[in-house]
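Input: a single structure, listed below in structure tokens.
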């Protein structure tokens, strides 16, 4: 299973059945492939509750998700306009928003909408989701393509919100915000505590369970 | 005596003047009034301000108006879907106002609903809050956002009845209903015009009081892209 | 024709075909009886466009107007919730609101929701309609039951809005707001200029046409 | 594994605690959740704040809760339809907060939509503006109004599907959809519960994410008044 798929699958396992979930563009979209469509309710901010994946033959060009990708319609789905859709988001009616990130910092802030030096010309629904969803789950590779850490002390990219992300799921680890900071609660695949420490510049705690186990020496 | 809302598309776009602010429905090309936009590309107007989530795609939909140099400003949430927008912006030939998508949608609703401004937590502490007034409400910081209104709105619906009531189709609904409420002159491009009484009164998403004119769609979005289905 | 019916009929004659009209409680409700249901669109703030009168046999207890009286449904009617309904009103999408009044004053202000000394416990949609409708038409008896003028210099009852009423239609006269004050434009029935002057304490002008005609002497 | 939203009415009202704020749908008795209100009359709770357009009618609907002395405060737009409200108010046994009906509806929508406050011209210069902050916006005076939220909302719809999607019936819709969006625990009383997939996705007025529980209606408003149709 490729890295992105593995992250999406792990994210899916973290979700409560029957919760209302909004999937951002990129890796989060893949999460849908690992959810039983009868037990999870997918919301998309362009105006639909009850998103499913769709077979190529059934593609309807007027039925898309927030990434403008074709989707299907679950039994019991509904449609609404954009202001009503964001009323749901901002009003706290979406249980979990799963979003990608360029960076997440030790204060829990997410940067995922703009790159310094590049034109800031698109934000979409990211800021609304970060403010409004009851729980924020970030799915991302642990490091960027050039190898630099994405979980950092303080975001150098423009932040999307001052509200903290609750869970970060990467190809190497799972962090959860507990009390006043992130706790490394899970190593994924072959990752070691040592590797996470090297690839993470944000301060974080290690869960008692992981600390007790330690790394293979 | 009857009010005849169904008019030729050329007549509908005659109401656009240089310098106007125009709301255009659609999420990318989905639910976008492509026939009205096409007709507007044949009008000699300039300095338009477009309120739309995107400026279409490169050379498609509103992207054509951009290429024609008809746009002075665009207000929306996601211009990244048309790479030429950044280019025009950097050359100083296009002003941009970027809003979070929820704030954008709510501002249009507010414009149509007679709301003078509203407080939202969205964008607090970000670069998009620059220059905006903040206020503490029950211990949390909110931004003051202003309503958006327009001279003209071009929206797209699936069906209209002859009175001008509208129903939409799946995610082609998006910004269309709120935009239909927030402009002085509202034209709805529709795929079908049915007799009054044929739409379920409980399912009408845009009551006819919002709609000034109806035009028959000619350009439709299919799996193969935008298709001219003639008229 | 009784006084109230005559006022309602005159009000109906003043309306443009195909306009969107909201009828207040009382005399305004009667206006519907004088409108061709295919040429006028009646809005009621409890959530409906396309109100008609209804025969007793067809009464539906769940289909009522803002006065909680049974109404019928026009072809092409639609229903919406209260927030959407008042968005239409406040947003300027209703062409004419026809309202009753306790008093209207020389500044055009309407008092129609509360009586001094009585408990102020109901306002309904009156304030929203007065602020939002494009045109305000007041239908009222010219004087109150005790004979005191209702078109007064300054309201002594609590005002409903600071926005002026555009037209006042009474059993005796029609006044229109022109430039900076009311102009008496029409005498109704047997009313004379003298009678209107005696029964109106607000300052007003008399239209050139009426002034030229004068009263029978 | 299934989420079973359909529950007995007694269980639904068990979630109400003394001191709670409860939104109750309906315009008078039209679209009012009479079965839930009846069940609440059998609960031993006090000091309730009711957010509803009216306090029912004298001895009917919410009027019963008033007579039982369970209400501490009522927030609405038209209390005149229950003559006892003034009496309780004058005796100092009931607090009242009166809002213009449009402001009332918008405040509930704001509560459900995460809006921290909004500006409206309604009530400017009237006694109902007393103590409220004003602001000049583009040369006109607006009032700042706050959102309304509740611990519990009792709404009434015509039909629900088993997921909790709701559709309404004619003018019984009124405040119900906005109230369903603005409370922590939302119960919808419905006349029929149908299988999922039986409601038109384009006509669902309240998507299921707003609805925590469904109860079957027992008391219905007929031409002859409120009737117990049993269960």
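In order of appearance the chains are A, B, C and D, and numbering begins at 1 in each one.
FYI, a contact is a pair of C-beta atoms (placed from the backbone, for glycine too) under 8 Å apart; a residue touches a chain by one contact, two chains touch by 3 or more.
Here the structure is a predicted model, which is why all the values come from computation and not from measurement.
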Message: When I count C-beta pairs in contact, which pair ends up with more: A-D or A-B?
response: A-B
- request: Please compute the C-alpha centroid of chain A, do the same for chain C, then give the distance between them in whole Å.
  value: 56
Statement: Separation of the C-alpha centres, chain B versus chain D, in whole Å, is 33
- line: dist(centroid_CA(chain A), centroid_CA(chain D)) in Å evaluates to 35
- prompt: Which integer distance in Å separates the CA centroid of chain A from that of chain B?
  reply: 30
- prompt: Which residue numbers or ranges of chain D touch two or more of the other chains?
  reply: 106, 109, 113-115, 120-121, 168-170, 201-202, 205
- prompt: On chain A, where are the residues touching two or more other chains?
  reply: 73, 79-80, 86-87, 89-90, 131-132
Message: Which pairs of chains touch each other in this structure?
response: A-B, A-D, B-C, B-D, C-D
Message: Looking at the complex, which residues from chain C come into contact with chain D?
response: 44-48, 59-65, 68, 73, 79-83, 85-87, 89-90, 114, 119-128, 131-132, 158-162
Message: For the complex, give me every residue of chain A touching chain D.
response: 17-18, 20, 39, 41, 43, 49-50, 73, 75-80, 86-94, 131-132
Statement: So, in the complex, the side of chain D touching chain B is made of residues 106, 110, 113-121, 135, 137-138, 140, 142, 167-170, 200-203, 205
- prompt: Can you list the chain B residues touching chain A in their complex?
  reply: 27-28, 30-31, 53, 77-81, 85-86, 89-90, 96, 98-103, 105-106, 108-109, 120-128, 168-178, 205, 221-223
Message: For the complex, give me every residue of chain D touching chain A.
response: 1, 3, 109, 111-115, 161-163, 165, 181-182, 196-197, 199, 201-202, 204, 207-210
